Structure formats: structure tokens, C-alpha cells
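What follows is a pair of complexes built around subunit A, which joins subunit B in one and subunit C in the other.
What follows is the complex of A and B.
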């Protein structure tokens, strides 16, 4: 299929219309007056309503199947956020607030409605870069030190301002970092809800650790049964885990495809689809369908020799969570330097399929998905966990350069930059460490990030900008 | 030798990582093992010729080299230790034992392993909660440490050796507690700075030398005049304070620190072990359950309650809650603690500080203002 201007315009028109239709249906179901009341109660809904502007920033300049795959991912996210809003509006008696490193599969199998608090702090700056600054400020005004990561500060700010929906309980853990773990002390105090905390070992790569964490998950199930109307349905959990396994099969095929230069797909179809579907809605048939569709598009591009971007000059790895207030950095890098951001730390994992044979094997499998998954794997255990993945990806995906998103609030990974710098030099891998703050563009703006990349591309990569 | 002479001698001892007593012990064939956190049980590092040394960076000036690796946003305690290690000032250690207490210390071990490759290094995976499963996990972790120590150093880590270590630790803690408890008196014979000096020496010298010193200190402190020249009795709560200058600055404003609830303090540091129990289980249980650090994610209310109880027991006028800048767990905890203390009617001051003593003038002004706020 040859990309055409009309086809590309139609993709944007179609998916933005679909997204609006989904929103309008929700408004009609909930009732316009109730929606207005809830917008006043949860002002972040207004930010989420601007989702089509984010889609536009992602697909601008992209063509053909790459453009459509990006739009598909965004439309999937809109559907998923709408389901989450429906949970808030209609299933408050089942709502459980949870931290982003707690497996939602179990809560779904229990008939509960999981609400991931960190999601707002991630999604809002993606749509509107300055939109969590008031939450960050609220945390700091409460006495939270400014050097704490801005993501937990955003989450704490949401709680402090009363912008989290009423829930039955809170489930959290000691992941991914000290700041994230400790933030739930303030959230607990503010929300006055019963809180359960999962303990995840530091040395997670042993059978003993897997069994310990599976025990923690069992403890969580018992606790949720005692504090909510949720009841464990092991058959439902098996279905969810099997669906997750199917999705993983598709993802592995996609990864095999993007090893080829030029990559048939890159950017959001690879990273955003993973971040959302594996963390927010794992095990839902809709997520598997999205992965199937993306993989098919990638396969067709591969068969027809179509590259995702017009002129793939470089292939880059983006390490650490991406700059969420400059989230169209992938699109910008493609257009400015012909860089495909092939793989990233939030996507790459070494998670095996979940064995659905027994209750224990499912809990152990889910435990592994958390412990060996992105963020947890890289912020726990020895530095080897963090560094080896980078060098493996460099080789496996034929990467030309490594970009580290050097979030100033992530002390855990900041403390590895010195080692990484020397090891990359030893391996002759060009390395760019971008100084910035994850959620707060007042620390380093979009322009400040671009300036750092420009210096690197010009001086280290000796690259020229693409003709616009 | 007077009490003051002994204090001067102790200050000399803690002014250097390799002090004269430790140096002599090393010359006698003992092996010092460095550790950083209270979740590393000292008793296990006292077995069969090993000497536990709580690592510090006395007189640390800057951390320029360490920042290349650890960055300038990790806590200055971690950075200072790396700076000292890279400056070969910890070459005398036979090994390092860490607990996965916080992100900063975990990354310190990563960087130490990368930069200086110690002959022996180990990380104890301490759980973040209590309960049976967590305790079993921790006991196994300590067992793994013992196996590694036995393999590497060829030492006896059997039950008898562990029992002896428990008895020795209790003896040391009993002596220290006798002095610590003097601070409950209305007019204690010892200041907070002087007691901190004793505590720091006890964490960095061989136990035999310390016990001898403590006997002499107990004799001389009894003959000493009581502290009368102070404006308020204070409690200090927080993380790692291993430099007497911080307490000294507080006391130079007229406060008297009578209760030290921080990592290197006596509360609840001087835990007594039950000698009739299985030694490893007893060590694990007391360390995990009684070392009340904010890294234990379920225990905020217990920590707050015990601080309030301690403040009442020591009859303090106010509580200073401190943390080292960039420490995430204490950074979030201190605000909540201060709120909780004030709600309980206890005046509280929150201080963020650097590991090494800096900004003394500002610190003094803030403490003076705190004392004035309490009408002292």
C-alpha cells in the first residue's frame, strides 16, 4: 500500500471522529449535568478531553500504516480511559486505587475496578505539558521536598487537592523507588482509606523471591476480600493471564520485525502500546486485538519493504521513562534527524509467559511480570539489571545511539550514569544523557531538551538536520 | 584521666576512619568489616575475629569525584563514603556489608563494586515490612550472609559462636545504656554531644577496647557536675548522624539533647537480645522488628507513637526532626512526623541538612528561633 495524502488525512479524520464519538456516548450515558458536576470535582477530565490534540502531535508528518498504527494505539487509549471513567462514574462501589506497580489483573479477576493513581500524572502532561504543575506545587507546599520525583509529587498533589475519586481501598508496594513507596504514607493520611502494601524483594531473580512475592499476592487477595466486595475468581484470572500471553506473542513478533533496518514500525505503536496495554489493561481481549492489528500492519510493511519513517538514518534506544511533557519527541526526532526510536526501557522486558496451570503458577507468573518488568527490574537488584539490558538491546536491535532520559528526580538511575558513561565509551556507543524533569517542564523546557539533542547530534553524531 | 580528657581521646578516635584502636586490632590479625545501615546486625560481623565498623566520612570536605558516579542528587552520606573509598581511606576494611535500606545506599554498593571491587561485598535484602513471611525471608538472608562470611574468611559461624556474639553485644549495650539512661535525669551529668561521641566510638572500635573505655567513663561521669546551663531539653529524630558537630551546634544555642532517636543513636539502637532464644532468629527478629526506619512502609503510626512516648519518657521540651537532603524516605516522613508531633502537643522543628556540617550559622539561628518559640 502506497501512502497517499488523502489516505493520511482520512486516518486523522476517522480516528478523531471515533474518539469524539466515544466521548459523546459517555457524556450521554452519564448525563450532561453529572458530567459538568464531575468535571468540577475532577478537573483533569478537561485535560483528558483534549486527547485528539495528542493524537495529532503523534501522527503529524507520519504516513501510511505507521500513521494508522499510531492512531489505532491512541484510539485504544481513549476507549480504555473511557472505561476507566465509567468505573469512576458507575462502579464506585468496586473502585480500588492502586499504585502503578501493582498487577491490575488480580483486581479485575476479583470483579473490582482498579484505578491507577499514577496514570493521571503520566497522561495529563502528555496531553497538556503544564497540566500537573499545580499538583506538584500542592505537594511541595505540603512540605514534600522539591527533590522528590515529580510523578509521586503529582500523585500526592491529586490526593491533597481531593481530585481522586472515592474508593474502597488502596493497594500499593515498595516499588519502583523510595519516593514512590513513601508517597503513599501521605496519600493514606489524606484519603483515610485502608491501605495494603506489597513487599517486593531486592534480589528478585531467584525462585525464593518469586515464591515470596506470590505469597504477598495471596496476602493481597485475602486482604481485598476482607476489605471490598471483590471475590477471587481463579477461572477469570486464568482467562486474563491467557489473554495476556496472547498479547505477548504478538509483541514478540513485533519486536522481531523492528530488528530489521529500516524498521517497519517504531515509536508509539511499539512503546505506547506496551505501556498502556501491559500496564493498564493487561489481559483484556481489546488489548490483544490492538496488538494483533499493529503486528499485522508491521508485517505488511515488512513484506512490502515499507519503512515506518521515510528515511531512517539512525536507530536509537531511549532509556528511562520518556519525557512525558515532550512526548512527541519520537515524532520530532524522526522529522528532524531521521531517527527511529526503536526501543525503550519502559517497553523492553524479559518476562516469560504466565503458566496458567495452577493458582500458584499464575501468581508466580504475575509476580515475575512485576518484578522483572520495566521500572522494577531497573530500579531493583544490582546495577547489572539496568546496564546489561542496554547493551543487549544495542546489539539485538542494531541501535546506533543510546539516549538516557536523565530525570533529575530519579536518584536511583542518576547514580548509574557515571558507570554507564564509561561503559558506553568502552564499547564505542554514542551516549546522550538528557537533563530534564519527568513531569515538570519548568525545570527543563521542551526547547531545553531539543538544545541538548541538537548539540549531541551535531557534535557527536555529526548529523545534519533533515530538509523540512 | 578526667571525663573531659577521655572525651578528647574519643574525639581523636572518631576523627579518623582508621583509628588507633582499630589499627592495633588489624595488626593483631582481626578483620574490620564496614557496614552502613542498622539492618545489618553488628553481632554477625563480630564473629571470630571480625570487627563491625559503621562506615563514616569524618571531616569530609567535598564529593567532587563521587558525584561523577553517584551524581549530585544522591544523599551526601553515600557520596562522602564513595569519595573516601576512592581516596583509599577504607582500604583497611576486609569487606563491606550493606542492607538494601534505601536507593542511595544500594547504588553506593553498585558503584563501589564497579570502582574498587572489594574482596568481599554483600547486600542483605531486608524486607520492607514485618510479619512471619518477612521474618523468615530475613532470617534466610542472614543465614546466606553467614555462609558467605564463613566461606570467605574461614570463620566459625556456628551456634556457639553466635551465642557468644549475642552475649558480647548485650554486655556492650548494657554498659552504654547505663550511661544513656543518665540523660533521663532532670540535670544530666552528660551532654548530648558527649554521649554522641561515646556512641560513635562504640560503633567504630573493637568491642573490647570500648568496654574498657566505658568502665572508665562510668567512673568519671559519676564524679562530674550536673548540666545546669541549658534552656530546653531536646530530642533529635532522624536518619544518619555520625558527626558530633550537628549535636554540638544544637547544644551551642542552649538546648540539651537528651534523647537520640536516629540511626546511630541509642534509641532504639541499644536493643537487648534474649540469650535464651535461638541466636540467629533472635538477632533477625530484634533487628527487623525494632529498627524502626521509614523504609518500613507499614509502620508510620508505630514510629510516631514511639517517638511521642520517648519524648514524654525523657521529658523533652521539643523535638528536632532532621534528614539529609535528597533522602526520599526521610524527606517524606519528616513532614508527616512533624505534623503528628504537633498534633500531640509537642513542639517540633524540621531541619534539612547536609551530611557534613555546613551552614552552621543558619542552623544555629533556626534552633534559637525554635527555642524562643517554645518560650525557652
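What follows is the complex of A and C.
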């Protein structure tokens, strides 16, 4: 299939229109006056209602199936954000606030509506780059040290300003970092809700740790049954885990495809689809369908020898969470330097399929997904986990350069980056450590990030900018 | 075009920095002329003025357009009039240093408003770099501020610091707070030379931290206007525990020289 201008315009028009329709239906269903009332109470709703603005930023300049795959992912996210708002509007009696290291699959199997607070601090700057600054400031004004990660500061700010929706309970964990963990002490104090803390073992790569964490998950289920109307439906959990396995199968096929140079797909169809579907809506049939469609498009591109970007000059790995307030960095890098951002630390995982044979095997499998997940696996040590994955990806995906999103608030990775620098020097792998703050563009702006990349591309890669 | 009335071909490099504008004109025999001027608000004006200043040093070369090839560098590199192209100052400092001394492998460029540590290979190509352009502490501007507190120019401040037998550590991480700290120390009648040495050490330590990030391979050279500050170089040498190799040209001109060398190679 040869990309055409009309076809590309139609893709944007079709998906954009459908997304806006979904948003309008939500507003009508909830009632425009109630929506206005809720926006006054929870101002982040207004930001979330603009989620479709991401569409253009992601697909701009892309053509053919790559454009459509990006639009498909974006459409999925719009649907998912709407479901999240529906949970807040209509399912408040089932809402459980949870931290991003708690598996939402269990809460869904219990008939609860999980609300991941960290998602606000991630999604809002993606949509409007400056939108969490007031929450960060609110935290600092209450005495939270400025050098704490801006993501938990955003979450704490939401709680301090009374912008978290009413919920039944809070479930959190001792991961991924001290800042994240301690933020729930403030949230607990502020919301005055019952709180459960999952104890995730430090040395996670042993059978004993897996069994211990599965026990913790069982304790969490008992606790949720005691504090919420949710009841564990093990058959439902099995369906969710099986659906998750199917999604992982598609993802592994997609990863096999993007090893090939030039990659048939890259960017958001690889990273954003993972971030959303494996962390926010894992195990939903809709997520599996999205992965199936993306994988099919990648397969067709591969069969026809179509590259995701017209002129793939470089292949990059982005390590650490993506720059959420410069979320179209992948699109910018493609157009400016012909860089395909192939893989990233939040996407890459070594998580096996979940064995759905017994209750214990499911809990152990879910436990593994958390313990061996990106933030847990990479930031707690040993350093080997962080470094080995980078060098494995470099080789496996034929990467030309490593970009590290050097989030100033992430103390866990600062020392690791020093070691990485030395190892990359030894292996002659070009390495760029980008100074920035995850959620706060006042620390380093979009322009400041671009300047760092430009310096690197010119001085180290000797790259010339693509003709616009 | 490209030939002076004398028939000699000249190549230009113009480094428009935040504090000064520098120009170097090369011919086949080496450096033919140089100039340094304080930066104007308009980078294009700085470039034009400094290039014209350098042209004055060459008989028969009257116009910027007579240069066979001109490369702009520095923060105002896009504004250099009649430039054939512009190159990042990181690559220019690498090239300029390599041209001066091919044994150099590590460079610390301490400029007016930023600091860069660069490692280079045997051809003068950049292998790795790190820069601090977010914090004034550790830059030439910081030293200027400090010397003003002492009511001295930078040369005298540098000499003063070299007289100290020991140094008083400046602990503030921020240039604004460091200024307050220094004023406070002076008002307590602490020896000015020891305070000055402490200030130099604080800048040197920041440079050393950057250098460690790129890996310190001998020989090490210092470039940029601050490399002329003997007190700072002495303090940095103490942290490095190895000599900083002096360059045969004014270290402030190295970026412009690198641009001129690149111009000569590209013409």
C-alpha cells in the first residue's frame, strides 16, 4: 500500500472525529452541567477532555500504516481516558485509588474501579505541558523538598488541593522509589482513607520472593474484600491474565519485526501502546485488539518492505521514562534527524507469560510482572539489571545510540548513569544523557531538551538535519 | 572572491560568545590575524565588528567577503554575516585545541556563561562532552561577580588568589548565595587572598566534576577566557593531580581558531 495524501488526511479526519464523538457522548451522558460542576471540583477533567489534541502531535508528518497505527493507539487512549472518567463520574462506589506498582488486574477481577493517581501526573503534562505545575508548587509550598521527583509531587499536590476523586480505599506499595513511597503517607493523612501497602521484596529474582509477593497479593485481596464491596472472581482474573498473555504474544511479534532495519513501525505504536495497555488497561479485550491491529499493520509493512519513516538514518533507545512534557519527541526526532526511537526502558521487559493454571500461579505471575517491571527492576539494583538490559537492547535491536532521559528528580538512576557512561565509552556506544525534569518543563524546557539533542547529534553523531 | 589583493587565500573563524566575540583569520602559514571584543547585544553586530577588527591586521584584506571560507561558532553562530556555515563551539574547541597540540585528549572550556568538558580523539573529533549551561556558579560570569566584590579586575583577583597559603571553602552552591557568603567572610576580616583562593577552588571543583564525567585522559588543556586565570588553572591542576598543558595560542581564541581551521579544511 502506497501512502497517499488523501489517505493520510482521511486517517486523521476519521480517528479524530471518532475520538471527539466519544468525548461528546461522555459529556452528554454525564450531563453538561454536571461536567462543568465536576470540572470546577476536579480541574484535571478539563485537561483530560482535551486528550485528543495529542493525536495531531503524534501523527503529524507520518504516513501510511505508521500514521494509522499511531492513530489507532491514540484512539485507544481516548477511549481509555473516557472509561477512567466514567469510573469517576458513575462508579465512585467502586473506586479504589492505587499506586502505579499495584497490579490493576486484581482490582478489575474484583469488580472494582482502579484509579491510578500517578497517571494524572503523567497524562496531564502529555496533554498540556504546564498543567501539573500548580500541583508541584502546592507540594513544595507544604514543605515537600524541591529535589523530590516531580511525579509524586504532582500526586501529592492533587491530594493537597482536594482534587482526588472520592474513593473507598487506597492501595500502594514500597516501590518504585522513596519519593513515590512517602507520597502515600501524605495522601493517607489527607484523604483519611484505609490504606494497604504491598511489601515488594528487594531481592525479587528468587522463588522465595515470588511466593512471598504472591502472599502479599493474597493479603491485599483479603484486605480489599474487607474494606470495599469488591469480591474476588478468580475466573474473571483468569480471563484477564489470558487476555494479557495474548497481548504479550502480539507485542513479542512486534518486537521481532522492529529488529529489522528500517523498522516497519516505531514510536508510539511501540512505546505508548505498551505504556498504556500493559499498565493502565492490562487484560482488557480492547487492549488485545489494539495490539492485534498494530501487529498486523507492522507485518504488512514488513511484507511490502515499507519503512515506518521514509529515511531511517539512526535507531535510538530512550532509557528512563519518556519526556512527558515533550511527548512528541519521537515525532520531532524522526522529522529532524531521521531517528527511529525503537525501544525504551518502560516498554522493554523480560516478563514471562502468566500461568493461569491455579490461583497461586496467577498471583505469582502478576507478582513477577510488577517485580520485574521497568521501574522496579531497573532502579533498585543491582546495577546489572539496568546496565545489562541497555546493552542487550543495543545489540538485539541494532541500536545506534542510547539516549537517557536524565530526570533530575530520579536519585535512583544518577549513579547508574555514571556507570553507564563509563561502559558506553568502553563499548564505543554514543550516549546522550538529557538533563530534564519528568513533569516540570520549568526546569528544562522543550527548547532546552532540543538544544541538548542538537549538540549531541552535531558533535558526536556528525548528523545533519533533514531537509524540511 | 576568496583572495586578498596580495593573492593570499584567507579563511575565517568567528566565535560569538556571550561575553566576547573572537575572530581568527588563517592562511596557509598559520594564524594571520586575531581579534577579541566585548559582545554587543546583537550577535550579528558582534561578529561584524570582531571580524572587521581582525581584518585590520592584514594588508590587502578589507572585506569579510574576501575570506575564502568563513565559519561561525558560539551561541551567536547563526548570526555571523557572510558565514558559509556554522559549527557547534564544542567541535570548534576540539578542532582548535587539536590544531594547537595533537596530544590533547581532554578539554575544559570555561566560558563566560557555560562550562564544557570535552574528550577528543587523535584526529580532534569529539568523543564525548558534557556541559553546564544552567548554573552561573562555575562560569566566567561568576568569577567576574566575585572580583567585583573585591573591587579588582580579574587579573588582579587571580594574582590575589595565588598568594594564599591556604583557602577558605566557599560552600554555597548558588552564585547568588556565594556572593552573600563572600561578603560575609570579608566583613569578618578573613584574609582576602584565602577567600579568593576558595572562590577559585569552587569553580575548579565544578570543572573537575564535569571533566570526570567525560573521563580524564592526558593531556588536558583549558580553553575559553577563564583559562587565562592563573589562579583558576592552579586550583584545577590541584584537583586533577596532573598538569594542564598550556596552548601556544590565547586560550580564549581556541573556538574561533577551530572554526578557522575547519574553514580551511572545507574550502
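What we mean here is this: the second predicted complex is superposed on the first by the 467 of 468 C-alpha atoms of A that agree within 3 Å, B and C clash if a C-alpha of one lies under 4 Å from a C-alpha of the other, contacts with A are read in each partner's own complex, and residues count from 1 in each chain.
Here is the rule we go by: a contact is a pair of C-beta atoms (placed from the backbone, for glycine too) under 8 Å apart; a residue touches a chain by one contact, two chains touch by 3 or more.
Everything numeric in this text was worked out from a predicted model, so none of it was measured.
When the two complexes are overlaid on their common chain A, residue A:459 makes contact with subunit C while staying clear of subunit B. Once the two complexes are laid over each other on the shared chain, residue contacts for A:226 go to neither subunit B nor subunit C.
Shared-chain residue A:9: touches no atom of subunit B or subunit C. Touch criterion met: A:379 reaches subunit B, while subunit C stays clear of it.
In the superposed model, A:411 lies in contact with subunit B only, and not with subunit C.
Contact with subunit B, but none with subunit C, is seen for A:178 once the two complexes are overlaid on the shared chain.
Within the superposed three-chain model, A:17 lies out of touch with both subunit B and subunit C [touch as defined at top].
In the superposition on chain A, contact of A:28 is made with neither subunit B nor subunit C.
Of the two partner chains placed by superposition, A:36 touches none, neither subunit B nor subunit C. Residues 418 of subunit A lie in contact with subunit B in one complex and with subunit C in the other. Those residues of subunit B whose C-beta lies close enough to touch subunit A in the complex are 68-71, 73-74, 78, 100, 102-104, 106-108, 110-111, 113-114, 123, 125, 127-129, 133-134, 137, 140, 294-295, 297-298, 300, 325-326, 328-329, 331-336, 338, 350, 352.
Put simply, subunit A touches subunit B in their complex at residues 142-145, 147-149, 174, 177-179, 181-186, 188-189, 197, 199, 201-203, 208, 212, 215-216, 219, 379, 382-383, 408-409, 411-412, 414-419. Within the complex, the subunit C residues that touch subunit A are 87-88, 90-91, 94, 126-131, 134, 213, 215. Residue ranges of subunit A in contact with subunit C, taken from their complex: 418, 421-422, 425, 431, 433, 435, 444, 455, 458-460.
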